[in-house]
Amino acid sequence: MMKGVPKMLLVSVALLAWACSLASAYDPSPLQDFCVAINDTSSDHAVFVNGKFCKDPKLATANDFFFSGLDTPRDTSNPLGSNVTLLNVDKILGLNTLGISLARIDFAPYGLNPPHIHPRGTEILVVLEGTLLVGFVTSNPDNRFFSKVLYAGDVFVFPIGLIHFQFNVGKTNAVAFAGLSSQNPGLITIANAVFGSNPPINPDVLAKAFQLDRNVVNYLQKKF
Amino acid sequence: MMKGVPKMLLVSVALLAWACSLASAYDPSPLQDFCVAINDTSSDHAVFVNGKFCKDPKLATANDFFFSGLDTPRDTSNPLGSNVTLLNVDKILGLNTLGISLARIDFAPYGLNPPHIHPRGTEILVVLEGTLLVGFVTSNPDNRFFSKVLYAGDVFVFPIGLIHFQFNVGKTNAVAFAGLSSQNPGLITIANAVFGSNPPINPDVLAKAFQLDRNVVNYLQKKF
Amino acid sequence: MMKGVPKMLLVSVALLAWACSLASAYDPSPLQDFCVAINDTSSDHAVFVNGKFCKDPKLATANDFFFSGLDTPRDTSNPLGSNVTLLNVDKILGLNTLGISLARIDFAPYGLNPPHIHPRGTEILVVLEGTLLVGFVTSNPDNRFFSKVLYAGDVFVFPIGLIHFQFNVGKTNAVAFAGLSSQNPGLITIANAVFGSNPPINPDVLAKAFQLDRNVVNYLQKKF
Amino acid sequence: MMKGVPKMLLVSVALLAWACSLASAYDPSPLQDFCVAINDTSSDHAVFVNGKFCKDPKLATANDFFFSGLDTPRDTSNPLGSNVTLLNVDKILGLNTLGISLARIDFAPYGLNPPHIHPRGTEILVVLEGTLLVGFVTSNPDNRFFSKVLYAGDVFVFPIGLIHFQFNVGKTNAVAFAGLSSQNPGLITIANAVFGSNPPINPDVLAKAFQLDRNVVNYLQKKF
Amino acid sequence: MMKGVPKMLLVSVALLAWACSLASAYDPSPLQDFCVAINDTSSDHAVFVNGKFCKDPKLATANDFFFSGLDTPRDTSNPLGSNVTLLNVDKILGLNTLGISLARIDFAPYGLNPPHIHPRGTEILVVLEGTLLVGFVTSNPDNRFFSKVLYAGDVFVFPIGLIHFQFNVGKTNAVAFAGLSSQNPGLITIANAVFGSNPPINPDVLAKAFQLDRNVVNYLQKKF
Amino acid sequence: MMKGVPKMLLVSVALLAWACSLASAYDPSPLQDFCVAINDTSSDHAVFVNGKFCKDPKLATANDFFFSGLDTPRDTSNPLGSNVTLLNVDKILGLNTLGISLARIDFAPYGLNPPHIHPRGTEILVVLEGTLLVGFVTSNPDNRFFSKVLYAGDVFVFPIGLIHFQFNVGKTNAVAFAGLSSQNPGLITIANAVFGSNPPINPDVLAKAFQLDRNVVNYLQKKF
């Protein structure tokens, strides 16, 4: 089939595959059995779509749907004492278009997965070991706080788009697994997004919004 | 048609209508021309659905699709100096299932619509008068801050689920209109949800997450 | 990173970006924070998707979410005496995948935004000045006409897919803003689509459908 | 299980079932195997949802998914010379939530299914006998007319929301079957909705929109 | 607020709540923060919707989002040697409208979770202990079999609607957790649905479809 | 417009069109009037999306929405005695993004369309001639079998994702047309997917799942 096609054209086609393989995007509900994302290893992207470009389904293998090593404890020696390993479509390319992802969360004693939002996913979490104080806050005007202390074998649901957190209130490490209802649920850590944005938000805005002294805001903006 | 039906049954049917009229819920994409929500005037609800129950389409009138008085300036004499009038499905019952709402936002000089999230809607805003500093922050890990100063006639888009704000940086009042891509976009004011939830979030969580002294957290939790 | 890559390949990649930038398409609900459409300036397109191709999110700027000048009155010196300025994804590239758009509609005295349909969007309209007679018609078999005269500050909703219009019944100019529940709601002006299609619809069809004399149909087809 | 429940309560529950059976609504994508609509035989409805209320799945039978007699020619002795038999969720209750419907269309010689829109469905049509001129018109600004003459065994697609028609240009009867991509696709016959609405649209609007003399508009409004 | 309402009416309203609480249904994407399903404890249902009716959000508690005891091994002393504990919306009422569920799967040595389909969900599975042979088969015409042997910490994805299974090929018990992309993903065990339906499928159909002797079909239909 | 563009670049662009034309993918609900799929004639694909790439809408013609010859009986001289002609997006490129397809099914006497699943579509079938025994089985735990004998003019609905079949129980040929609620509904023939996958499923799995002797399983795996 490729006979008679000038070599330069073939080079260009290979290039197209390469260039498109630079693209990154995540797509809605599946319109075929699967649509394995093309690996996104370059930072010099050219063209994107809503979701991800896919590779030839004929070239898909079982490894596209596979990930290894989620049984290994993660390093929690950081200020918050927690570590989230999220297997989204960037980590398991076969998840593209399929609307789900999986996370492992490790907590040191008193480790915190701080208040955050998944703009595109609900989370269902099961505790494997340890004791977690968890909770979410509803939207205005009530801002009701739903909270629970979880032990091994306990399950809790954090609805899409609501602020939530998990806090290890035990004296030992804690581990949890969580399913999320999107191949790319997104993550907005409140403190980082508000006080650590790049470039920083006008400090007057934050001082007024959080009723903080401007010096405190400046201090926080340096920290995050 | 109702002949021969015992009066008590008719009373019960009327009651059903009333009881169901207590329900509150907002439904997905429309499966008929419209589905005008049943007015929700009681706080003693019994049964709900995803979205809202609807009234008999034969009883719908033009007034179900109508709202009056959006030209009147709102009172901004509050600590933040801003006032949001959101015409969602609770205010215009005909919006049920139709995926859009409209807001008027008034700002006193230096008034702030503080950092917040609409978990179920993108916002497109047009400035009618005044000068607004606006911006939104992307999700982790980059937390990029996209910002702009807007004048009369300027339009800006705040993508669904991202933290954003509007700040009147002019010396006069400011007014803006905004469309939102849901009949019930929701609103989560970050500071209120985090520091003013009911009941309060464990202060240890907030102190660790925001790297604040516990005294500051306690102070903030009293304020909000 | 690009070291060692032959220049010709780089040219081809740039070309790919350019070629893809020719594409035009609008995508469903967002699967990332945003997906800014690639500008569509050429008429020699090659490849398209459902929605629009996007640019590298790293290259997105605040200007992608911005539009200026919606406060300027539009020229209404045309036969219908109206002028619609629709800010859809073609005008604000950042609207891609976000499901909303914004319009300004200017009316001369007795100006008419004639009966039309948005096949992909509900419209919520607010009158800034003037007096508008507005209405929509429901589908078969009832074809009920919901109508209202609107004044400054009045709001009205036109459900997706239904025939509707706005008519300036005042003696002064009128101006309205409208939100639409799609980044590409589409517009089908009934009279133009029926009598002004290209090529024209068989006149026998229109004569029979509208119970008009063939001469009248021919006359109308010349006009539109 | 019902022991000890006062009879009046049981009556009320039966009444609830009856009252709810009066409801009419069509729901989005299925969240269970099926959700057979409750038959809607009364005109005294009380409560509705987006889509339709469903009956107890345990009470569903094969007849809920069944319809008989689509092989019988329909009467086409009417001014347009056509007759559409649409099997939507009102006719086959089991179609509720399932996103598809089926139609049989009969045409007398020179019979016309006049220009119309399905606001909630694409149509795919197959001709069983006869010769049909069919076509659809795209939205503004191009209003391109896509047209074809179809013979027995020919298939044509009419995209959702676009104006389209079928016209029997043969000297014999014609018959077609059509699938539509919604359990309640809706139908807006352009001429009827525009000139035959109830109450009528202001004639000035129609005269200006269609560039017709007011007398012609009045004449048409009487006819439809 | 309830003053002056006859007691009988209040009884009826309470009854309405009870009657509606008998309903069972699962709804699409959320249109409010959450929509906790009403518990479904009766078999005498009257009215249903697509998804589930919800309770008053004011009455929701943390327990609606909670489940306990997923750390306890399940009994696998059955012919297949496996046991699936699925936490769908029937088990965690708060999952209603949120599009996700969680399962624990226990395997005896050589235990099998036999070929099955989730018609409404993709599955992502992580092995906690043991060794599982897993796989899925694509649709026609290729029917490609994607397979892998999984050990503790390994993750695998089974795309929505495809036939898949897990088989314990180790000599010890195995345990896995799985997220599924629906609050009610559904489960069709192929052998049971084909050979064990109620009433049975005509044996001629199965003999012809599976190229089995009618005696074998009869034998299988008795077994399942 | 192309003046001054080096020829090599033009070649590359043409190549891009060609390479992209190799892509195969099916997209969700339409975001423009239509999005005609690019024809997929090569087996050397490079880049894909969820759904299909589209061609320039300016180049679309009526033929993109057209198919001919569905009135011709199909060959049923095969072991099952049936033949399905599915007009999905691969056959009618204009169906892309439009959510519907059409099938003709021919049956020899005692011909069988064996138990199968459409993972992405509900089917509505109308019998043109002959006598069909049809049925579907619900999901676990009930596996209820809904069945009916259909004659000419009878219509039946097979809900999305459920196992179903059609069996000609008459002594003459039978013909049916069917609409399916997706442009790419997919087809999983149970017997083929289970016993005829490539490579074969481990026979121990099938022997245990279907309670068959391993010899029978081996025999079946050779047959399919």
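So that you can tell them apart, the chains are marked A, B, C, D, E and F in the order they are listed, and the count of residues begins at 1 in each.
Throughout what follows, a contact is a pair of C-beta atoms (placed from the backbone, for glycine too) under 8 Å apart; a residue touches a chain by one contact, two chains touch by 3 or more.
Keep in mind it's a predicted model, so treat the numbers as computed, not measured.
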Intersection of contact partners for subunit D and subunit E: B, F
When subunit C is superposed on subunit F by its C-alpha atoms, the rotation angle in degrees, nearest 5: 120
Self-contact between copies subunit E and subunit F, residue sets same or different by half: same
Inter-centroid spacing, subunit E versus subunit A (mean Cα positions, whole Å): 26
Chain centre separation (subunit C, subunit D; CA means) in Å: 26
Centroid spacing, where centroids are CA-atom means, of subunit A and subunit C in whole angstrom: 35
Centre distance in Å when subunit B and subunit F are each reduced to the mean of their C-alpha atoms: 44
Of all residues in subunit A, the ones touching two or more other chains: 8, 12, 16, 20, 27-28, 30, 33, 49, 51, 119-120, 135, 139, 147, 160-162, 186
All touching chain pairs, where touch follows the definition stated at the start: A-B, A-C, A-E, A-F, B-C, B-D, B-E, C-D, C-F, D-E, D-F, E-F
In the complex, subunit A residues that touch subunit F: 1-2, 8-9, 12-13, 16-17, 20-21, 27-33, 35, 38, 49, 51, 53-58, 96-97
Residue ranges of subunit B in contact with subunit E within the complex: 11-12, 15-16, 18-20, 24-28, 42-51, 119-120, 182-184, 186
List of subunit B residues in touch with subunit A within their complex: 80, 112, 114-115, 117, 119-120, 133, 135, 137, 139-140, 142-145, 147, 160-163, 165, 167, 186-202, 204-206, 208-212, 216, 220, 223-224
Subunit B-touching residues of subunit C, taken from the complex the two chains share: 30, 33-34, 60-63, 65-72, 87, 92, 94-95, 98-102, 121-124, 126, 128, 135, 138-139, 146-148, 152-162, 177-181
